[in-house]
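Going by the order they are written in, the chains are A, B, C and D; count residues from 1 in each one.
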């Protein structure tokens, strides 16, 4: 039995506790949160879980094997470091850390102590993302032309980070998972209307290849949109994560350039064929992710969403912030 | 009776001829096009219209009062200039000209000769744009936070300009018409996958105020999207131009910042109320625009979509092209 | 503290237990089900609830005040009767009983013993139905012309009743709640493709007035549709229960007959105005219903969804079955 | 060159003239209508067409080979009969005639005189219906379980027939074209709210097999719906004729009954797989139909949408009217 402690029981914490606790080989034994009322609500459902307000009761506990850090990003480094130093595997909410240096340090500590880090890029465990990964790996789309994501809705405003740090980690982690090419630099523009952090932003990611990627993130949209277009040479794909039944659509659409002798002889022909809506697995992603983390620990495997995957996303977020200050000027993503 | 000559009878030309010719006080008397087969198709429907392949037969003709230039942008300047010099009012397809200098010269010539220029920003005459103008002028939305437009579909690839010059003139002209604030600079990123001109681009427009505007244009999208979100302090609006019946939706949504004593006390409250779908006029926009141009000529009024409006759009397109070369670096829009 | 026992813990039972148990003044103390494995799953979540397989341990228990009967319809009468005879209030799943005689007997027993019956017409507690009730009561729609409901999806096949008895109770109870006019007779047609009970059916309900109502119920539809159109003289309404954000739309649409002198002078003019999407309460309906039942018990009020409301639905279901056998011939609903 | 005369130039007449006239081997030479203003509008577009108000100038003319009857149904018989008696092929608007006896007489006259009758069941020439025909003929859906059509919108009220005679001919002709089984009897219920003819109706069609078909037609709906579900043993299909790009969707959905030993052992398993959206031909249906009619005349072929196809629809309409009077009682369709 793997014993787990959880730090932070706000919006996402209850899902972490519920999904890990449901695994046969896991028992969530302690939850830490600053809010007493929140802690009491835990015991209504899970009378056996120890509740506490001091995080060291989790990070330092002898009878805990894994610590989940489900707090605002600013405290990830502190809690994860202490847990690693006390010999615990860590499961850290996204984004991994507040800067790349912190992430690198945590990776190093974990390495030295033979401990696992998993960064909670939950979307990588959804049926939709797994299906897209499968399609792209099988070269169904052909060479990728572009990746264009829109993730907008009303709220929830974060108090300590801008909308990019809140929403883009989802999309950055998905894109990096799906595409083989590595992003090189980033141009980002944004604006804050409510308080000091940007609540709306537009991010373009440049590659060494001809791929271009774009991310539209907005906390002030009247409608909720979760839409990603992936254009390929052979096929094109739309992922609408709001659709209950038709999340992924594959379009047999494209163009062929037939003649290139002079501008006026350019002959572009358009191809429009059938649309295919593959069935996607509907299992709760966090359930699969929790199970996968436990498997990685038990079988000493490196999770694909490990500290390095988390670090890559943090480097992209840092480049965004720098470009924001320069009104969209391209900023290289740190190697 | 106002006599009109038309240069160019490709994709849009037939609509120009049909709508102007339908007006009581107008007669289209001549159409010029390079393609003989195209010209013959005209006479099947309009046996009385004179057809020709030499544009001077239109620009220089004594019995023509107005010339419509419906050709690729590279020839707008030449044809419009000659028509103006021969004393004709001109109706010019968007974008007005291939660069700002050309536009300024045409405006000057028209001014000297007391002639009208109208740039065909057709969308300004749609029921949807008129309704949005009315709502914004009445301050229904309150202070504007952002303007976010997506205009993507498969093709039609233009041979001589990039996707920005093809699609963004619609959105730039609409935004400039709707918003009182003037755009200051532009950050644009794009990529060409098919031939030398960009077929996908992302444009951010900066203002002196806190407004931010963004334009997503793409010739390689498997789906057709014509979606604009306008976020205001009091209300938010979505314009979906594809929807047959519900083009404009007004959302009584927004946020209020209740408490600003320190980050952790930031209290954002979310407001979600009714949605209102106002009826919009369904009259064909080009019909209204044609009628308006003739009214301006007859009553010596300056059209709001005149040469200066066209020039403003061209200046923005020029800034886009410059920023594209600089990978998104902000470029000032010329005064 | 009101003590509740629940008989039946299949598809819907867990929701009953969760919602009643969450109320401050209620404690679910016992749950009965035939399936041992099901019962064990209860104690994982609610260690304190007594589990049993014999229903009399619930119906006859001294320390239980209210019994919820959440079993297939064939056993409602037996369990509810025994519970009432042992002095318990009863909350009965829809449809109330397998025939009208059973319902009448239960109503009589409850009346004699001063006990409450509530039939679980959950939809009457949704924000959408409450909003429609409000609009119709305020005469926003004017005289009602028709009520047209489609409730189709794939499965879940019931083993002991046809699709009408499974799905139509929702719609019958909603319609009877919303409209003042009483239905008079029913024409129903259906077909069974899988086993002896109809899996698809079309029901027309006739009124003394000019209202006509129709219900399309189908267990074999590839798509899930939950759509109701209500046409009124002044306004028309569409209720799309699948839509997350726009469940109710009010259309300012209609016709006016201007001239009635002879058929060829009939002048029908069409009115098309704005659409209005009122915000609806998103609270879980069963939570509100549970609270309302407890309030009725504590304050000795007659619930509007009482035994008589349940009986009316059963009478309509009986008329459906009779009409089905007569291939659509109209059958009077019993008084 | 085949010379065509057209009687009736109301809502649909202009489309008839435009499409037939566009064929190389056809010339529309005369159009008859009661309304002088309507006739004048013809000559603005087609200066050569002879206009007249007396139908005999079309039916009796020596220089006309084909007569299209595009008038209200009450006059179809009279005009078509006279045209046939004067040796002309006839193209008749749907529904074919006002009763079955008239249709039978026209078929007989045409037969004697070796003339063609085509009834304008335009939908049979749409890409969507052709694709469905292909799929069903290839047994992609397996045995058909049901055919469920909804065709509702606001207006246009017809002055001389009820909503069934106006809208259901489309659906009856499509269903008869797609399904091999013959309909046997009909149950129909409807209501009139505006004047004497029903403006809303629900029609169930019974078959000797286990197929059931249903048609929901309504002139008083605030929304336009054109939706048909076809459930088969192997696959299910949805035809949404409003959708611009995804008119036909094939669902790999269904159920399997695994065990039938007693009711409680009934095990229904649900199958949910991919969705497939085949590309459908977008050519204007009336263009294809016009071409097909001319081909039938030139090559002496019997059109599949001939008088007998039209008669079958009229018989079904007659059964509807009789069932309406009997409040839904099933009425046999005449052999």
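As a convention for this text, a contact is a pair of C-beta atoms (placed from the backbone, for glycine too) under 8 Å apart; a residue touches a chain by one contact, two chains touch by 3 or more.
Just so it is clear, the structure is predicted and the values come from calculations on it, not from any experiment.
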### Message
With contacts counted as defined, which of the two, A-B or A-D, has more C-beta pairs across the interface?
### Response
A-B
### Query
Measuring centre to centre, with centres taken as mean CA positions, what chain is farthest from chain B?
C
### Task
Report, in whole Å, the distance between the mean C-alpha point of chain A and the mean C-alpha point of chain B.
38
### Query
How far is the middle of chain A from the middle of chain D, if each middle is the mean of its Cα atoms, in Å?
53
### Message
At least two partner chains per residue is the criterion; list those residues in chain C.
### Response
223, 245, 249, 272
### Query
If you look only at chain B, which of its residues touch chain C in the complex?
245-246, 249, 272-279
### Summary
Note: in the complex, chain A contacts chain B through residues 145-146, 148, 150, 152, 154-157, 159-160, 185, 187, 189-195, 200, 202, 204, 206, 210-212, 214, 216, 218, 220-223, 229, 231, 236-238, 249, 251, 253-255, 257, 260, 263-264, 266, 268, 270, 272, 323, 326-330
